[in-house]
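Dropping the structure in here first, questions after.
Letters A, B, C and D mark the chains as written, and numbering starts fresh at 1 in each.
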Amino acid sequence: MKKAKKIINNPKNVVNELLEGIVEASNGKIRIIEGVSALVKKEIPDGKVGLLIGGGSGHEPLFPGFIGVNMADGAACGHIFAAPAPNIVFEATKAISKGNGLLYLYGNYAGDNMNFDIAVEMAEEEGIAVKTVRIWDDVASAPIERIEDRRGIAGDLFVIKIAGGISARSDDLEEVFRITARARDNTRSMGVSVSAGSIPETGEPTFLLPEDEIEIGMGLHGEPGVSREKMLDADPLVEKMMDKILSDLPFKEGDEICLLINDLGATTMMELLIVNRKVSQILRDKKIKIHDTVIGSYCTCQEMAGFSITLMKLDEELKKYYDMPAESLGFTKL
Amino acid sequence: MIIMVREFLNLNETRNMFLFVSKYIEENKDFLTQADKAIGDGDHGVGMARGFIAVREKIGSKNFNSIGEILSSIGTILLTTIGGAAGAIFGTLFRGASKNLREEDTFSVRILSSMLNDGLESVKQRGKAEPGNKTMVDSLEPAAIKSKELLTLPLKDALIAVSEAARIGAENTKGMIATIGKAKTLGERSLGHPDPGAISVCLILRSMMEYVLSL
Amino acid sequence: MKKAKKIINNPKNVVNELLEGIVEASNGKIRIIEGVSALVKKEIPDGKVGLLIGGGSGHEPLFPGFIGVNMADGAACGHIFAAPAPNIVFEATKAISKGNGLLYLYGNYAGDNMNFDIAVEMAEEEGIAVKTVRIWDDVASAPIERIEDRRGIAGDLFVIKIAGGISARSDDLEEVFRITARARDNTRSMGVSVSAGSIPETGEPTFLLPEDEIEIGMGLHGEPGVSREKMLDADPLVEKMMDKILSDLPFKEGDEICLLINDLGATTMMELLIVNRKVSQILRDKKIKIHDTVIGSYCTCQEMAGFSITLMKLDEELKKYYDMPAESLGFTKL
Amino acid sequence: MIIMVREFLNLNETRNMFLFVSKYIEENKDFLTQADKAIGDGDHGVGMARGFIAVREKIGSKNFNSIGEILSSIGTILLTTIGGAAGAIFGTLFRGASKNLREEDTFSVRILSSMLNDGLESVKQRGKAEPGNKTMVDSLEPAAIKSKELLTLPLKDALIAVSEAARIGAENTKGMIATIGKAKTLGERSLGHPDPGAISVCLILRSMMEYVLSL
């Protein structure tokens, strides 16, 4: 088994070192919380509803790269592909809390759910109010009847963008929760992969895929997708994915959406653009209006090759918060 | 050679038993990781080893006042160092296990049974898994149930029986379709592979048994 | 030889399809020039000094992804890793020309130089004034005495950013040329690679590197770097690269710079951040001030794994143009 | 069998000769790409094949009025379809080669020599390469020089000698350190490998020779 060659120091230190790398890039705006792998903004206005995101590491720029202007206030980060332990979440919670409660926003995985829930219990013992939105945008991971069993993938970016916007504007935790939950409810994604990533501590590919096969319905980790098929050309592959995504919400003629074509790690921008060409053609044919298109590496799975397509349906309110400027290491908008 | 029949362990021996468990998990890191690669994200061994190495480092030479204190220390260390589903689940297992053992200063079959059953209850509460979901509960529950029948056995015999129950439980997960955790998106593709967390439960009980046998 | 698995349609169509993907993502702001592989902005004010960038394809988002607000007006794109033919450059030139001349800005390679030069001759025959700035930021590719033999790598981003700024502000081609050339003269980069990319038409890795070696001084194509060494940890590797970059300009105590950590294709953000941590520590030790840090995939070489470090030294004028907001598919700044 | 000694080709034959050259380059696509992989960016064969396939498609059944027109058409097609260094260089080669041949309607040794020498001059002007830089000039220049000595030979013999001179020139690039083009950053690592563009020059002349021999 070919081991991945990575530009790192001790594999055990990757998370701390990457967080330090973000702090260095932040021009003094972000700090690390001593002793735990969490980053928070240095200046958070009193009374602001705190927006805490987080999850396993290895998906950068997701999550810690989305701290910034009109984005998240902090991120609790676990080891590679492992949800953050509750104490990490709790320390970040205390650092962000400005008297008006916090929204926890993260991907819907057993590990994240349990660890964040333990942190909620700890926060409540300290008198800090917490509401939670779990992101479950991956249409491939469970049928719509069991939407709460779906996992969170690249739709994270759009939901965080909306949550960052509303939490900068409203000091009402209920409202922040409500609008963020609606962004989540309006977001659908699906991913595919053509080759695996690896975790630094083992260096081994997290799965093996024959040379002529593609994994359909891939998530953000090494866990396999929902099916394997013979490798397809970009256009028929996109058609297949779009069928599943569009019929799920469903997205309909006249809808207005934001579109994300997300690289899962090692897929080239060239490929993403070829994918976007077809996605956009399909949307035009269906008379679905694209309000904004985002293309690049936002939610990754180490050096996994593959991509995902995300659509978020807008309404007037969501559009208002989406259109707010934002600035962070991983996502910036004029 | 006459094998001494131990009815209980004192506090230091109990601590040492869990230090032995820690080494055992660490040695099986790759094995657990391979199991997680088959149906999960390939990090279970890495996480469990990280947690149990921290246990060894932090309680290696510490003195405790009760069995409960040992278990809850281990639970907190696992909870704060593993992360992921395993951190919450195995942390909760040990913390839950400690619940009724704050006054106990010897480890016996009765304690073993209390620990497994209270731990099981906490795990189910935290993770909402039931037997058949293909999780560590499928290994833990048969062990916990079995332990209640063994209260009159010598500690080593009880541990042999309990770890055999856990092994069979883990073995049975091969025939299950995962409906909880990272393996659940696989559906039928999870068939034929055992659940990594269930294997960890086996390893913990098996190494406890080996430790007691070695006394 | 393992062939790369890419999400494309016919390998011969990748360039046209990726350009269409950019047009689709531009919300009506960018068009393709019928019959040639060039993109231009639809609305360019009369009298604007045109900024035309370009080069081979396969480096996305470089070049066509840098068309936008306070960025380039158009991009002439060649086949994968091949400079654009002169007629492509010429057609883009005519589309952009608004009466005040054009600046051609591209990487310093034999192929680009010759093809753009032929286009200059064609433009001049049509009465369109053209000035050229060739980017040669790669310190590894030739000694400083032969700086004009150096190739252009990720420093392209910063030079394009400055040129986009000044060309939006000044209608004097000479001034646009002068300030862009200064940005170029103040920019230094160096890259390394741990595994090769491939061009879609062959699917084969463009070079082979033993499992335990790293190519030092890597450019943006398959052409090898300047030396091969045993694989290093991130920190000593960064020290080595920074030694060479810092001593070249040289960058000195008190200087203020912009910093780019660029992924060459398949390197994870995790690794880039670990690299940034060390780069920033070194700069702090040398008392060189970081004005802004950019981290991500900007100038790539298909799925090559590796990264480059770029420093651009600022003065008051360069800083003014760097700080202008900018928006494009590949680079956005508040 | 008696081999006819051809002193010249008419316009259609000249066009067909270059169609034969096109096929020859196309067939050697992988070979040229491998050569470029060794010291360049691995696309030389892809580009040359793209250009010469376009030549075949565009002039396959076209009638021309002069040798110069054939050459300049080919040059423009190469210039606009190959891209990269090769597009500029081989496009310039053919366009330059056409310069003094606008009035000629037969292809002879004199024309061959005019074409090679004018083409060489244009290439040098465009690319500033001199012999020894490890480029196609190292193959083209010896061929061009050689051609001047052969004006009295039959066309086939002249093409044999000229393509041999180009072959030796290309062979000699193995011993050179590249100082121009994508290979120049390699320094000494470029030693031992021939220049891909020089090989292309050989292939063009060799296939011209084969075509004439086949008549």
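Definition applied: a contact is a pair of C-beta atoms (placed from the backbone, for glycine too) under 8 Å apart; a residue touches a chain by one contact, two chains touch by 3 or more.
Since the structure is predicted, the reported quantities are computational estimates derived from the model, not experimental observations.
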item: Gap in Å, rounded to a whole number, between the CA centres of subunit B and subunit A; value: 33
item: Cα-centroid distance, subunit B relative to subunit D, in whole angstrom; value: 75
item: Mean-CA-position distance for subunit C and subunit B (Å); value: 54
item: Of all residues in subunit B, the ones touching two or more other chains; value: none
item: Chain-level touch network, classified as line, ring, star, complete or other; value: line
item: In contact (per the touch rule at the top): chain pairs; value: A-B, A-C, C-D
item: Interfacial residue positions of subunit D with respect to subunit C in the complex; value: 30, 33, 37, 39-43, 46-47, 50, 79-89, 91-92, 126-127, 180-187, 189
item: For the subunit A and subunit C complex, residues of the former touching the latter; value: 2-3, 5-9, 14, 17-22, 24-25, 27, 57-58, 60-61, 65, 69, 192, 194-195, 200, 211, 214, 231, 233-235, 237, 263, 265-277, 279-281, 290, 292-293, 295-297, 300, 302-303, 305-307, 325, 327, 329-330, 332-334
item: In the complex, subunit C residues that touch subunit D; value: 56, 78-88, 109-111, 114-115, 117-118, 140-142, 149, 151, 199, 201-202, 204, 206-207, 217, 219, 221-226
